[in-house]
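What follows is chain A paired twice: with chain B in the first complex and chain C in the second.
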Partner chain A sequence: MFYIKIFFQYVAQYMKTRMQYRADLFVEFISDLLFQAVNLIFILVVFGHTNLLGGWTRDEIIFIYGFFLVPYALFSSFFNIWDFNERYIVKGELDRILTRPIHSLFQMVLERMELESLFGALTGIAVMVYAGMSLGLVISWADPLLFLLFVIGGMLVYGGIFVMIACISFWADARTSIMPMMYNIGNYGRYPVDIYNSVIRFILTWVLPFAFVGVYPAAYFLGKEEWLLYSFLTPVMGIIFFGISILIWNSGVKRYRGAGN
Partner chain B sequence: MDKYLEMIRIRFLMMLAYRTNYYTGILIYSINIGAYYFLWSAIYGEKDAIEGMSVIHMSTYVAIAWMARAFYFNNIDREMAAEIKEGKVAVELIRPYNYLGMKTMQGLGEGIFRLFFFSVPGMVIVSFIFPLQFSADAATWLLFVLSIVLSFFINIQINLLTGITTFFLFNNTGLIRAKRVVIDLFSGLLIPISFFPTWAQDVLKFLPFQGISYVPSMIFTNSFSNNEAVQAIILQGIWVLILIIPIQILWIIAKKQLIIQGG
Partner chain C sequence: MKDAITVRNLKKEFKAYSSRSGLKGAFRDLLTRNYKIVPAVNDISFNVKQGEMVGYIGENGAGKSTTIKMLTGILTPTSGEVTVNGMNPHRDREKFVSTIGVVFGQRSQLWWDIAVQESFRLLKKVYKVSDEQFESHMAHVIKTLGLEPLLDKPVRKLSLGQRMRCELAAALIHNPPLLFLDEPTIGLDVLVKLKIREFLKEINEKYNTTILLTTHDLTEIEALCERVVMLDDGKIIYDGALKSLKEKWGEGKEIEFQFLEEVEITDLNSITASSEVKWEKNDKEPIYTAIVEDNDELISLLIAKVVADLKVKDINIKETSTEEIIRNIYDRGIS
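Presenting the complex of A and B:
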C-alpha cells in the first residue's frame, strides 16, 4: 500500500517538472514517433518487393511490431538504468538510495522514470488495431486480459535482463558497453524468430529471451497454434527472469561498499 | 592551414587514448549487420534478385553501409550544442581560427581514427561471419574512396547545421535525435534508395541524404555502372557546395544574436 502511494506521489512530481518545459516534451514526442515510424516504413518498403517474410505476411509482421512497442514502452518508462554504473556506482548515488525506506531497486525505478515513453504504447496499440483489422482478427473476451498479462510478462523479461546487466557493476567497477549492446540485440525480437538460424533462435528464447517481448506473445493473437506453448510461457519467463534479477540485485547490494569519501 | 592539420592530429590521438571503447563498437555494429543480414535473407527467400541486387550484393551492401557509417558518423552536433549551452563558444569565437572549420577538422580526425581502428578491422571480421563479395576492380575502389570522403563532408555539414540551431532553439536534443533517425532511413543505410516506391525515390533525389550512405555503398557493391557512379559522385560534390550556403547564412545570423551569460 505504502509503495503504491509513493509511486503516485513520484508520478505527480514528475508531471509537474515535465510540464515546465512543454516545448521540449513536444519535440521528444515527435522524435519518438519518428523513431517508431522508421521501423514501420522499413517493413512497408520491404513488403513492396515480397509477399512473405519467412512465411509471415506483411500485416502479421506489422502486428508483431505493434505488440513489441507496448512492453517496450513500459520498459523504457520505468527501467532507465542504462547509466547505472556511472550515475549510481561511480558517483556513489547508491549510498543515498540505500537510506530510503523502500526497496532500493524500486526507489531507483521511481527516480529514473520517464513517463513520456508511455506514449509509445499508444502508438503500438494503434499499429496493432490497424494490422488486426486488415487481418480480420476477432477479439474474444479473454484477449484483453491475456494481452495485459503478456505485455507485463514482456516488460519483466526486458527489465530482468537489464537489471541483471546493471548488477555487473556491483562486482566489476569498470565501465562496460554491454548495455548498448543489449539494446541492439533486443531489436532481434521484433521479427519472427524463425528467420534466424537455430543458435540465435535458442539464445533469443532461453538465454536473452527477447523473443518473448515480440514474436511469441504476438503469435497467440495471430492464431499461430504452433507457438501456443511459447506464447503462454511469456508471463512465466517474465517472472523467472525478473525474480532472478532481484535476487542478484539484493546480493549485489549486500556487497556494495560505497564509493568512498 | 597548419593549425587545422594539428587539430586533426590531436583529435586522432585523443581517440587513440580511449581505443578500448571501440572494440565493443565493432561488436555492436556486427550485431546490427547480423540482424539485417538475416532479415534480408528471409526477404529474398527464393528470389534471385530484387531491383537488380542479389542477396549477396545485399549483405555486402548492409555490411559496408554500417562500417562506412563508423567513418562518417560523429557527434559534432552534440558537442556544439554542449559548447553553446555552456557558453564555451564565446572563448572559441575569440580564438584565431574558424570555429566551424575547426569542428570539421575534429570530425575528420575522429573519422580517420575510426577508419583504421573500426571500419577496416570491422569489415574484415564481418567478412568472416557473413558471405560478402568484394570488388577486384581498382576503379571501383577509387570511386568508392572518393565517394566516402564526400559523404563524410555532407554528413558533417548537416551536423554543423543541426549544431548551429542550438543558438536559436537553446535545447535541441530532440532535434538531434530526430535528425539521426531521418538520416539512417533516408540515407539508404537501412534500405537502399532503389527499393523505395518510385514517388519516394523522386523526392529523395532532391535531398542530400542519399549522398551519405546510398552512393558509396552502391559503388562498393558494384551495383552502379562506372558512368552512374561518376554522376552520383558529381552530385555529392554539388551538395557539398550547396550546403555551405545555409551554414554560412545561419552562422552569420547566430553570431549577431548571440548572448553569452556570465563567463
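Presenting the complex of A and C:
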C-alpha cells in the first residue's frame, strides 16, 4: 500500500517538474506524437511488402507488432535503467538510494521514470485496432482484462531481463555493452517465433523470453489455439523472471562497493 | 544509557587488481589478473553513546568514508560486527535507515529540478512523517537555517552554501536520533559554516541527537566535538577527548619575539643557554620563535632572560594548534 502511495507521489512530482518547463513539454508532446506517427507509417510500409511469413498473414504480423509496442512502452517508461552502471555505480548515486527506507530497485524505477514513453502504447493500440479490423477480430468481455494481464506480464519479462543485465555491474567493474545488444535481441520477440530456427526459438522462449512480450500473448487474441498454453504462461513468466531479477538485485546490492570520494 | 553505535572488529577489504604496464602487460592482464586484497578499514572497534558528538578524522583514503558507509548500511562489512540504533545496518537496511540522517557533502540528496519544498514534501512521504510532526519540527529547522527564501527555488539554482543548508534540513525531516555528516561544510564560506555549527549544536542539545562527523576542517571538530576518533591506514590510532590529544602531543608552547634591534640566533642561544629552548627564525619577518616545554615557570624565566638582554617590540605566546598536532601525528606516527 505504502509503495502504491509513494508511486503516485513520484508520478505527481514528475508531472509537476515536467509542467515547469511548459515550452519544453509542448515540444516534447508534439515530437512524441510525430515520432509515433512516423513509426506507424513505417510499420505499415515495411509490412506492406510481405504478405505471408511462415504461415502468418500480413495483418497478423502487424497485430503482433502493435501488441509488442504496448508492454514495450510500459517497460521504457518504468525501466529506464540503461545507464545504471555509469550513473549509479560509477558516480555512486546508489549511495543515496541505499540510505532511504524504500526498496532500492523500486526507488530507481521511481527516479528514472519517463512517462512520455507511454505514448508508444497509444501507437501500439492504434496498430492493433487497425490490424484487428482488417482481420475481423471480435472482442469478448474477458479480452480487455487478459490484455492488461498479458501486457503487464510482458513488461515484467522485459524488465526482469534488463534488471538482471544491470546487475552485472555489481559484479564486474568495467561497463558492459550488453545492454544495446539486448535491445536488438528484444526486437526478435515482435515476430512469430516459428519462423526461426528451433534453437533461437528455444532461447526466445526460455532463456531470454522476449517471445512472451510479443508473439505468445498476441497469438491468443489472433485465435491461435496451438499457442494457447504459451499465451497464458505470459504472466507466469513475467512473475518468475522479474522475481529472479529482484533476488539477483538484492544479492548484488550486498556486493556494492560504492564510489570513492 | 544504550550506545547509539557499537563497532566490534570491523573490517572491510576491497579486491583491487593491479594492472601491468605496457601493451604486453595489458594482454597478460586479460588472461591472469593480479588481485590484491586491500584493507580499507582494518579491524576497528569503538562505541558512541547516544547524544555524543564525535569527530571522525583521518587523511584522504584513511577509511573514513568506508566506515561511514558501513555504519549507514550502504556497504557490507567483510567481517566484524556493527550495531547502530540496535540494528544491523546492512541486514535491516530499509528499516534501519529511517532512524538515521545522512549528509554526504559531495553528493546531493535533493532532487535537482524541483523546488526545495517539494523535495522536502516528497521526503516527508518517503519517511512516513506525519503532518503535525513535520510542521512542528521542520518549521523550526527551516527558521534556524534561514531557508524560507529558498523554499520555492529549484535546487539547481541554489549556491553551494544554500544547497548544503537544505541538505542538512532534508536529512533531518524524520528527526533521526543519529546523524552522519560526511564533510558537510566542504567548500563553504565561514558564515555558512558558523551557521551550520550553531545549528548542529542546537539540535544536539534539543533532541539529544548523536552526531558523527567527518571533516578535514579541524576548527569544526574543535567547535563541535569533545571526542575524536582518528584513523590512519584503516586503523584507529587515537580515540578520546580532543583535550587530552592536545595535552599528550602538543609540543609545548611557542613564544614569538620581535626585537627592536638586529638579533642573531646565536645571540639568543647564548642568552638562554641554561634552559631547554629551541629557537627558530621566521623566513619572511624578523620574528624569532622559542619552542619550550609547556611549563609556566620555565616560560616566565625565559621571557625574563630575553627581556633583560634585548629590547623587545612584541611578545606573543601561542599554543600548538590542533592542526599542527595532528599533522605531527601523521608525520611521525603515534608512538
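Please note the rule applied: the second predicted complex is superposed on the first by the 230 of 261 C-alpha atoms of A that agree within 3 Å, B and C clash if a C-alpha of one lies under 4 Å from a C-alpha of the other, contacts with A are read in each partner's own complex, and residues count from 1 in each chain.
The working rule: a residue touches a chain if its C-beta (ideal position, glycine included) is under 8 Å from a C-beta of that chain, and two chains touch if they have at least 3 such contacts.
Predicted model, so just to flag it, every value in this text is computed and none were measured.
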Applying the document's definition of touch, where does A:Gly243 land relative to chain B and chain C: first, second, both, or neither? neither
Is A:Ser31 touching the first partner chain B, the second partner chain C, both, or neither of them? first
Would you check which partner chain A:Lys5 touches, where first means chain B only, second means chain C only, and both and neither mean what they say? second
Per the contact definition in the header, classify A:Thr17: touching chain B only (first), chain C only (second), both, or neither. second
Report for A:Gly258: first if it touches chain B alone, second if chain C alone, otherwise both or neither. second
Using the touch definition from the top, say if A:His49 reaches chain B (first), chain C (second), both or neither. first
Mind working out whether A:Ile41 is in touch with chain B, chain C, both or neither, as first, second, both or neither? first
Just checking: does A:Leu98 make contact with chain B only, chain C only, both, or neither of them? Give me first, second, both or neither. second
Of chain C, residues touching chain A in the complex: 14, 65-66, 69, 72-76, 90, 93-95, 97-98, 100, 102, 104, 106-109, 111, 113-114, 118, 122, 125-128, 154, 182
Which positions of chain B touch chain A when the two form their complex? 21, 24-25, 27-28, 31-32, 34-35, 38-39, 41-45, 47, 50-51, 171-175, 177-178, 181-182, 184-185, 190-191, 195-197
Give the list of chain A residues in touch with chain C in this complex. 2, 5-6, 9-10, 13, 16-17, 20, 92-96, 98-103, 254-258, 260-261
Quick one: in the complex, what on chain A touches chain B? 21, 24, 27-28, 30-31, 34-35, 38, 41-42, 45-46, 48-50, 52-54, 176-178, 180-181, 184-185, 187-188, 191, 195-197, 200
